[in-house]
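Look for subunit A in each of the two complexes below; its partner is subunit B in the first and subunit C in the second.
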Partner chain A sequence: MNSLLSIADNLATFWNFTGFANAEPGHIVMILVGLFFIYLAIKKEFEPLLLIPIGFGILIGNIPFNEAANMQIGIYEEGSVFNILYQGVVQGWYPPLIFLGIGAMTDFSSLIANPKLILIGAAAQFGIFAAYIIATMWGFAPNEAGAIGIIGGADGPTAIFLSSKLAPHLLGAIAISAYSYMALVPVIQPPFMRMLTTKNERVIKMKTPRVVSQTEKILFPIMGLLLTAFLVPSGLALLGMLFFGNLLKESGVTRRLAETARGPLIDTITILLGLTVGASTQATTFIRWESLKVFGIGALSFIVATVTGILFVKFMNIFLAKGKKINPLIGNSGVSAVPDSARISQHVGMEYDPSNYLLMHAMGPNVAGVIGSAVAAGILLGFLY
Partner chain B sequence: MRNYTITLFLFIVALLFSGCSSKLRNPAWVINEVMVLNESSYVDDYGQRNGWIEIYNNTAKTQDLGGRYLTNDRNNPKKYPIPRGDVLTRIPPHQHALFWADDNPFNGTFHVSFKLDPTKENYIALYDNDGKTLLDEIVIPAGILADQTYGYPQDGVKYDEEGNSFATHLERVTPSSNNAILEENPKIVTLRKDDPWGGVMTLTSMFVVFTALLILYLIFNYTGILAQRMSQRKVAKSGSLSAVRSYTHLSGEVLAAISAAIHELKEDQHDIESTILTIQYVKRNYSPWSSKLQTLRHLPK
Partner chain C sequence: MTPTTQTALFIAVVGVAGIFVFMSFFYLIILALDKYLPYQEEKPEGEFIEEISEESEE
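Up next is the complex of A and B:
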């Protein structure tokens, strides 16, 4: 009889440690969100390289367990495996490594060939600061508002980097929001692109970009680093790694290093970053009213960034000669969701003129957006840290 | 137009570099707070009251005070050598070390070999390991009251923008802790007060973003023009089809059509071939197995 009782006790103890006994409605909600991300990635192919790790990370982070037992399981428990992997996010060293890979895989030729497109990348950063204003109006402290605002830069690593410094308690919500909206670029941007442009503007054919010499390609990362980092040293971690990666690519003598940076290294970091950011959405710390607000502001910031990019192109066109006008459909690619927003320019452009290829032109503001958002992050860090 | 943009570019560069300053820098170690006469303030590990000297690590890295020298004598920089090998002399970034001025160095690492005298001016200096390089110094005026400290209101901040010293009598006695107790980030407090909706911040930041990218635009605009001119010169010298293109400014399509026509014309001249086929035996001495080239590693790229 005693044996039976002790078996019952053991089973009861065991039950207390199971996920079923510790589940809360929040866990179920977040697991559904994770499954939705995986669905979007596989079925709709929205940013699968990010949404699969993040979606699965959400599942991992929301397996309920007995938190009081301190078994070093959860991502927020010091010493746990996931906590160790999460340090790259918390300490902010995954994002610069991602930027290294981005630099090593980005061809800045279109930007160098037509440098005025850089300014579109600057205009689109208004999304960041519009979100900053909205966030302060909604009661967030300036540092939190700055971290939320960077979602408008449409740059996941930058958003993670900045929020880990300015508002670590909002990091999960900001990262999920940034990556979700980056994945939803094909849904968010086209309606505004159509709304803000006329039929004639949508069929503007831009001049084929000139061929860029190797010397110019090598000069770009060196000059780019010196100019931007002198102005905004607080963005050095991101800008330094971005331009360094690009020099590895363009120098022509470090092919192996460039291939590692844009291949195995960025893949490894993407896996770790996506998984741990997903796992950081543990329902007990993630589901809060603030998280919902962050999502709302994030959506607005994306919209503002898209709108300002397009309007700025229209503004530039006032001053440009007839044959040199820019198709405003590339204005949306000022947000730095590379290369998705440039692809959207191409798709929407081809709807109105199937012979109009905008992709190469759109890549200019797109990569300028990466630089612009890193500069904006540096400014916010300087002002608010 | 071109002159206008060159002027704009030079103006921006001049404006940026005009900000380069030559103002006095705060040193890496700062003698941050000093109590000369301790009557009823804090006691040391031996229960005694003595004057003390607080040193602040004014950097973002851990620094070791071991092997450096503290002195109150301008003619004797090596008066108190801070012992090496004590882990407690490794001071984390922006943290403090407290030395008791009790003239009793045998009481431990943090007890120096001199006392401070409240009746006269006290000179205190910290020297580097060579005993020659001055790291920081402070002069405490004579007549300082008992249990009052002298130092800098903000930890490690010695000078204002004009280079004047901030050293003063401090309101609070704070050994081994911050002289200014910061409950909130001062930048955030100022922004909340002066710019509650973020409008000024937005304008400033957008200005900086545009300036950064505008400079990039200007530089690459001119680099591009220069590169194009150089390549045109190179092509012109080569006398190729591209040279024709660069001079005539005809579109690629037109030049392709002309080239195709010339090619056709040339082909027509050779439409009757000789119909002689020659098969020649090629003796092959080379094998990759015996090639030196194949056995040597290429330079890594």
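Up next is the complex of A and C:
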């Protein structure tokens, strides 16, 4: 009889450790969200390199377990493997390394060839500051509002970097929101692009960009670094690495380093970043009214960024001579979702004139958007940290 | 308007202006690069040899 009772006790203890005993509705909701991300990545091919690790991370982070048992498996349990890997997010190590890889794969030629496009990348950052004001009005503290606003830059690493410094407790919601909207660029941007442009504007053909010399390409990142160092030193962690990566690419003598930065290094960091950010969305800390508000403001900031980019091109066109006008369909590319938003410009442009290739022109504001959102992050960090 | 919103507005205005200033500097740097270091088409090796031989004949 005693042995039977002992077996029953052991089974009861075992049951207490299983996911079935510890599952709460929040876990189920988050597991469904994780599965939805994986579905979007595989079926719709929306940013699969990001959504697969994040989606899988959400599953890992929301496996119900007995938190009191101190099994060292949760991302928030000090000393667990996930907690150690998560330090790269919390301490802000991963985003600069991602920027190094982005720099090593970015060609700034389209921007150097037509430098006025850089102003579109500046205008689109208005979304960040509009969201920052709205978040403040909605009751968020200034540092939280700054971190939420950066979602409008459509730049995952920048959003993670800034929120890890300004509002670590909102990091999961902000990161998931930023990456979701980046993935949803093909869904969110086109309606606003059509709504804000006339048929004549959509078929504007832009001049073929001039050829850019190698010397210009080499000097660009060096000048960029110096400019950042003197004007926005708080943006150095991101922009410094971006320009360093770009110099590795353009110098022509560090091919191996450039290939490592844009290949194995960025891939490794993307896996670690995606997985740990996904796992940080543990239902107990993630499912809150605040997270929903972050999602709402994030969507708004992304839309405002798209709209201001397009409207700014229309504004520029007032002053530009005939033949030098810019197609406003590239205004959406001022956000830094590279190269997705530039592809959207190309795609929508070709719907109205199949012979109009906007991709090379849209890449200009697109890479300017990467710089712009990092500058915005630097400014917010300078004011709110 | 609360003091927090006022501060937020101030930071937003400074932020947007700051980005435009930063990008305008970039714009000027690129214009300067184009002016002082314009793209020059590289001459094929054959042409270069011809030029040298012409110079030596002179």
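Observations
The rule is simple: the second predicted complex is superposed on the first by the 385 of 385 C-alpha atoms of A that agree within 3 Å, B and C clash if a C-alpha of one lies under 4 Å from a C-alpha of the other, contacts with A are read in each partner's own complex, and residues count from 1 in each chain.
Here, a residue touches a chain if its C-beta (ideal position, glycine included) is under 8 Å from a C-beta of that chain, and two chains touch if they have at least 3 such contacts.
Just so you know, these numbers come straight off a predicted model, no measurement behind them.
With the two structures aligned on subunit A, subunit B clashes with subunit C.
By the touch criterion defined above, A:213 lies against subunit B and subunit C together after alignment on the C-alpha atoms of chain A.
In the superposition on chain A, A:143 makes contact with subunit B only, while subunit C stays out of contact range.
By the document's definition of touching, neither partner reaches A:29: not subunit B, not subunit C.
Once chain A of one complex is fitted onto chain A of the other, the partner contacts of A:112 extend to both subunit B and subunit C. In the superposition on chain A, contact of A:371 is made with both subunit B and subunit C. Within the superposed three-chain model, A:380 lies in touch with subunit B and with subunit C [touch as defined at top].
Of the two partner chains placed by the overlay, only subunit B lies in contact with A:254; subunit C stays clear of it.
Within the three-chain overlay, subunit B meets subunit C in a clash at only one of the listed stretches 73-81, 217-225, 253-261 or 289-297, and that stretch is 217-225. Counting contacts as defined above, subunit A residues 111-112, 115-116, 118-119, 121-122, 125-126, 128-130, 132-133, 136-137, 142, 145, 210, 212-213, 215-216, 219-220, 223-224, 227, 231-232, 368, 371-372, 375-376, 379-380, 383-384 meet subunit B in one complex and subunit C in the other. Those residues of subunit B whose C-beta lies close enough to touch subunit A in the complex are 16, 185, 187-188, 191-192, 196-199, 201-202, 204-206, 208-217, 219-221, 223-224, 227-228, 231, 300-301. Taken in their complex, subunit A has these residues touching subunit B: 111-113, 115-116, 118-119, 121-122, 125-126, 128-130, 132-133, 136-137, 141-143, 145, 210, 212-213, 215-216, 219-220, 223-224, 227-228, 230-232, 252-256, 368, 371-372, 375-376, 379-380, 383-385. Remark: subunit A residues 111-112, 115-116, 118-119, 121-122, 125-126, 128-130, 132-133, 136-137, 142, 145-146, 210-213, 215-216, 219-220, 223-224, 227, 231-232, 368, 371-372, 375-376, 379-380, 383-384 touch subunit C in the complex.
By the touch rule above, subunit C contacts subunit A in their complex via residues 4-5, 7-9, 11-12, 14-16, 18-27, 29-31, 33-34, 37-40.
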